[in-house]
Structure formats: structure tokens, C-alpha cells
Amino acid sequence: MIELGIEEKTYTLNLGPQHPSTHGVLRVLLEMEGEYITKAEPVIGYGHRGHEHMAENRNYHQFLPNMARVDYLHALAYNQGYCMAVEKLLGITVPERAEYLRVILSEFNRISSHLVWIGAYLLDLGAFTPILYCFDDRENLLDLLDRITGSRLTYCFYRFGGVPLDLDDEFIAGARAFIKRLRTRFKDYNNLVTKNVIFINRTKGVGLISQEQCLKYGLTGPMVRGSGIPYDIRKSEPYSAYPAFDFEIPIGDKGDIMDRYLVRLREMEQSLRIIEQALDKLPNGPIMAEKVPKRVKPAEGEVYQAVETARGEFGCYIVSQGDVKPYRIKLRVPSFGNLSILPELAVDTLVADLVAILGSVDVVIPEIDR
Amino acid sequence: METKTGDPLIKLGRLEKYLNLARANSLWPLTFGLACCAIEMMSAGMARFDMDRFGAGVFRPSPRQCDLMIVAGTISKKMGPAVIRLYEQMAAPKWVIAMGNCAISGGPFYYPGQYAIIPGADLIIPVDVYIPGCPPRPEALLEGILQVEEKITKRGRLRKFRDVKG
Amino acid sequence: MLKDKLKKALAPLDLAQVADGDYAKTGYHLEVAARPEQMPAVAQAMLSQGCFLESLTAVDLRESFTLVYHFANFHELCRTVVHASLAKGAEAPTISQIYPGADWYEREVYDLFGIRFAGHPNLKRILLPEDADFHPLLKDFAAEAAND
Amino acid sequence: MGIPQALSDFSFVLVYLVAAGLFALGPIILAHLIAPRSYGASRDAIYECGMPIIGSAWIQVAVVYYLFALLFLAFDVDVLFLFPVLLAYGKGYAWLDFIELIIFVGILSLILVYAWCRGVFNWKRKQVTP
């Protein structure tokens, strides 16, 4: 029975937990007038698994596998962040060869994360072919990483004090072959996607983020570089072996979705450059620090270690009270800050544009919900 | 967990066998990635592992058009009611694959002090096939789908793969 | 140098402690101790120097809480940590009108610790289901109560 | 007494209607009979991403959607006119008929061109200044 004379104009819709464009279980509560969104409120927590609560009743070694399951697309950066934080607490210095190995594997993992994003994002915009290209490249990369780390996605490979296994010549040959192959593939991505008129119309001038908004919302990673701020932890707060390589930080100018896409695409080329230089200058020497205590029992104190992941700055903040178990671990995850700007970006946009904006934020839900 | 599907009004006997053959070879999975296993499910759908070879590659977003729910990831307590609702909104005959340790028994996130997850999909919905792994490799998901097909047609689908020599 | 500008900006607020941090050991360049009531002023000072709120969290020290704010800068490497100790059951003022990004962080701290933030636009749970009645990261949190 | 000639002509129409009806309802009835049943509290509820729906869909909707409905109507009528064409054309020189049809459909599709120029189809994005 239609109630006549109702003047309720806004229509409330759940862009709910199970939705192809939310890359997982994120729910956005939309209030719309016709096609235009008046209010969008992300509701998170559907992927909350309690990593920080687990950290408090596990010792430092047992928490390592969790690190790969917070942001499973760039797991090695989280391993690196956590291991470096604990090494800072224990005062261990990692030998140079191990640092090079960590940089090589983290950069490979960054490329695989960007490949997943490009594929999934274009699937959101309705293009079905690019995800096949991206996953094809990614499978070659995963074969490479699978050889040395033993897993395809949730890597738990770094240890406190270094790396347990060393690279063999087959890995290095495979890495060089992969670099050569991926470089030829960038041409395909540009022709297939970047010059695609539908993609340009859907992303140019949509989802503009100003530098002032970046500051207020604490955005990091490609979101902030897309708006023209060259903020990359590998350059602004050099850690591990990154000072030894020269690479640029690609930045956009207007801060719309196209800029963020181009930043991620060019970042992959920079990662390839880093890996090449790392493979050329790979020093010999041990891959594990000499005296790494079996039972990790750091002194009292706290540490904050920031690392650049594919989505932004991951900060591992550990408070230790001299016990075998950490007293408190806070994981500063980039997507939590990056997503908090969505309500402001979504006002007065079309629903189709909201899907494009949400995809360009590159969220990984269990990373937001921890 | 009692299964929520009943028998049809008219039993077809022999024809049911052929219907099951058709159902087994066209399992349409629901796009329902919860966590890390979702990425491995996507890889299984892509070119190299290609679920389409078994008719299971057509990922449908709406449960109305699906007959296979792959629970890929951890079911948090906040997500539980949504999983039950999606399962009920699927049309019979429907099957469920619990992919990954989290969907089987809470996996790495289950311990006495856990407050946030439902340890296992079979506590809330009837599950047909369990695929262990964290995350299980795409080949494991393919074998899981073949197991579901064996369960539907009651004929050895995996036989020809198992006997392959070398 | 940004650190000196920050010290100059924070000087008028007579904070408990503004000291250089030992970057090699802790990763901080500037360590500040303040009272929760001063936090909006501290946040305003940091924003005026172009720093963004990196993260906001709490630590449950059994008899009191410590609110931990991290600020960093896009253009110059200077990480500032602000410790503000808060009695149990007390309320901390919100800084979400200065840093809109803090809105979610404060909701998360409320959700996991139960610390209320005065003046927060919509302080309700962000991670746990709305009907949850416990705060998991408290040290005396008995998990069995939540699993019934 | 036979059935009057006019009535028997219409019997074909009757058969045609019954066949069309069966063709439409047949699968529904068949599925209802031989498909296994599925039970569940929210089986018949509206599917909205796994969440119970909020508010109702019966609200005032933007007028632009009404224009889309009008355009569809125009082309629906267009197709309706093509039915009698089957009987009238095809006798003489086929190419002539084809060209006439193209002209007929062309004129009617001017509606689409007019609507396109008036900008019915492009959803203008409100200028969002960051």
C-alpha cells in the first residue's frame, strides 16, 4: 500500500559487506537523492579479528605470523616493520646482505600488491580483461617469491636479526627475467587502460583530494602522493638499505583518481629499479645477526617504527615492560586513515563515482579492522 | 547444523541423476571474500588455475543467482548474521565450501581469549566441503570444487586426476 | 629546523615535558608529556606547524590510561609523541574538530578501551558489533564473559 | 451449426495467447514442482548485500528516470508498428521495403537524437570543490 503524500526524499542504501566493489567486507551506508549521494558513512568492523588483543597474550615470536594476516597483500612490509621495531628494542643490527634481501623481497611484494589493486579496481569500473593480465604477471611473481619464502600470500619470512634463507642463483636469474618481462607489460597496461577513453572519463577530475585535506585526515601513501606531496617513508625516513638506492617518488598534481592510478603504476617501475640496483650491488656476508637471543625479552621502553607499504605508512608501536610478551602493540595502518576521508569525498557524487573513489583508496579490510 | 533445504514436491528418480550432473558442472559461486583466502579464490578464478574448466568460474554477486557459497576468510561476530542471511537467500539446491582454516575452525585467530570471531562456518551454516590451508592454494580450492561435484553426482570426479601417473 | 619550531610553538602551553627523543632507540625526535585537557591546544600548535596526526591510541596501565598521540610531518622528518596520562573513568577532550582524521581513532579507542572523548560528534563503537558491552583491550578484560 | 467464420479466425489468436501464457508461466510452475525447497527466516526478504534493508523504496524519485521511461515507450511503440509490416511488405521488390523500413525507424529514432542533444543522458557531476 503506497502511503501517498510522503515527502521523504532520501533513499537509504547499504553498499553492504558483501558487495563486489568493497574489496572485502566493508559496508558503506549511503543516503541518496536520485543518483546523487547526500551522506556516505563507512561502517567497518566486519573483518575485525583482534590482532592487538592477540599481541598481548603471545610472545614476540608467536606474533610474527599475525603480521602477514593484517595486510596480506603486502605482508613482507609488515614483517619488516615489526621485525625492525623489535630489533630496535633489542638493539640488534641486521647485516647488510639481509637488509638487501629484505628490500628486494618487499619491493617484489609491493609490485604484487599493486598488480592486485589495478586488476581489482578496473574490475570495479567494469573492465574484465585487465585483471587477467595483472594476475598473469602476479602469478609469475608469486612463483618467484614462493621459491624462497615458501608461501604465496601470507609471507612469514623475516626473523628478528635478519633473514633465514639466502637467495640462490636461480632466484636471481628468475628475478631478472621477471623484471625484463614486466617492463614490456607496462606498455600493454598503458595502451589497454591509461589511454582508454572510458577509464579517463570515469577517473579524471573525480575524487579530488587537496593537500590540506591530506594533512587534516592524516593520509599516507599513494593517496597523498597523488595530491602532489612527495611523502614516502623510504625517502623521508630512510630505513633498512633504501639510502643505498636512487629512485624517484612519482607524484600526481591534481589529486584525482587518475593521478593515484598513475602514481601506483609508476611506483611499480621504481620498485623494479630498486630491485635491479639491489641485485647488482648485493653484498656477500651473513644473512643473520650473530647473537640473537633465543627468548626475546626486550628491556622496558617503547618504540615506533614506520615502514612504507603499498597503501601507505605502516607504523608498529610497541610498548614493552621487560616481559616476554609485549605489553601493548598498536598497528598504525594506512587504510584506516585513508578511508576516513571517504565521507567528505562522497558528498554530492554519483553512486558510480563513489564506487570509483572507494576503489582508488585501495582498502584491504582486515587491515582497517585489525 | 540442520540443513535448510528440503526435498522437491515431485521426486524424479532417474531424471534427478541427470539434473545433478547438470548442477555439478555449472556451480555458480557467490563473490563472498572475507579475508586473505579471497585473494587465493580470485587467483583460482584467473587464467592460470581457471575454475572455469569445472564450470565454477562465473562469480555472481547476488545470492539469488548462486548455488555455491565459498566462505573464504574469517567470520567475525559482526559478520555472522550477514552470512546466515546470505545463505538463506540462496536458492536451493545450494552447497557451501568452508575455505581456509578460519572458516573451518577459526584458524590462527581461535584461542581461549578470542572475543571477535565465530570459530568455524559450520556453527552457523551447514558446510559441505572443508578446504584446509591458510590460505589454501588455488589447486586446493579446485580440488574442493571437485569434491562438491563428487558429493552432488555421487560419482568419482576426482578419480581420473588421482590415477594420473607421474 | 622543524623540531625547534615545534618547541617554540609548544612553549607557551607550559607542558609537563618537552624533550628531545632518542631517534635510534625509540624512533621519536620530540617527546612531549601533557595533560589531556591541553591536548586540543597541543593539536592546534602541531597543525599550525604543518604536522599531521599519525596515530592516536591508548595504553592501559592498570591504574590509569596513557593516551599516546603521534604527529609527523610530510615535508620534514620529525616524529613527535605526546603522552597524556588519564585517570580511569575520566573523559579526554576530543581533537576531531582540529584533525577530522582523529574522529575514527577516538571512536576506536573508545571501542577498545572505553575511554570517552568529550565533544566527539558521534562517539559510538567502530569495530565491535553495536550491541557489544565489553572493551577488549582492557587488561582485566575476561574473555569468557564475551564468549557466552 | 458451425462456428461463425469470424469466431474461428479468432481461435488462432486464442491458441497463440494460451501458448504464450504457458511459455511464460511454464518454467515457474515446473521449477516450483521439481526444485528442492529452501527454508530460512530471511529467504523472501529483500537481498541488500547481506543487510536488512533500511527505510522503504517507495519514495519520491528524481524526474530524470521518468524521461528514460518515456524514451523506452517511444521505441516500444516503434516496435509495435513493425508487427503489421510483416503482412504488408515482402510482396514486391524487397530492397524497396527495406529502405522504407529504415526511413520509418530512422524518423522515430530522431527522438533519441533529440533527447541526447537536450542532455537527458548525461548525469552532470555537481562541481565538487575540495
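Note that the chains are named A, B, C and D in the order they appear, and that numbering of residues resets to 1 at the start of each chain.
Criterion: a contact is a pair of C-beta atoms (placed from the backbone, for glycine too) under 8 Å apart; a residue touches a chain by one contact, two chains touch by 3 or more.
Every value quoted in this text rests on a predicted model; they were computed, and no experiment measured them.
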Comparison of A-D and A-B (more C-beta pairs in contact): A-B
Distance from subunit B to subunit A - Cα centre to Cα centre, in angstrom: 28
Between subunit A and subunit D, centroid-to-centroid distance (C-alpha), Å: 46
Where subunit C and subunit D are represented by their mean Cα positions, the distance between them in whole Å: 59
Computed distance of Cα centres, subunit C from subunit B, in Å: 43
Subunit D, residues touching no fewer than two other chains: 49-51
Junction residues of subunit B, two or more chains touched: 78, 82, 86, 113-116
Per-residue multi-chain contacts in subunit C, two or more chains: 128-129, 136
Complete list of chain pairs which touch one another: A-B, A-C, A-D, B-C, B-D
Of all residues in subunit C, those that touch subunit B in their complex: 128-129, 132, 134, 136, 141, 143, 146-147
Subunit C to subunit A touching residues, read off their complex: 24-28, 47, 50, 52-55, 57, 59-60, 68, 70, 72, 74-75, 77, 79, 81, 99-101, 103-105, 108, 112, 125-129, 136-137
Sites on subunit D touched by subunit B in the complex: 32-43, 45, 47, 49-52
Residues of subunit A that touch subunit D when the two form their complex: 2-3, 6-19, 27, 29, 33-36, 206, 208-210, 212-213, 255, 345, 347-350, 353
Subunit B residues touching subunit D - in the complex, by the definition given at the top: 4-10, 12, 19, 62-64, 82-94
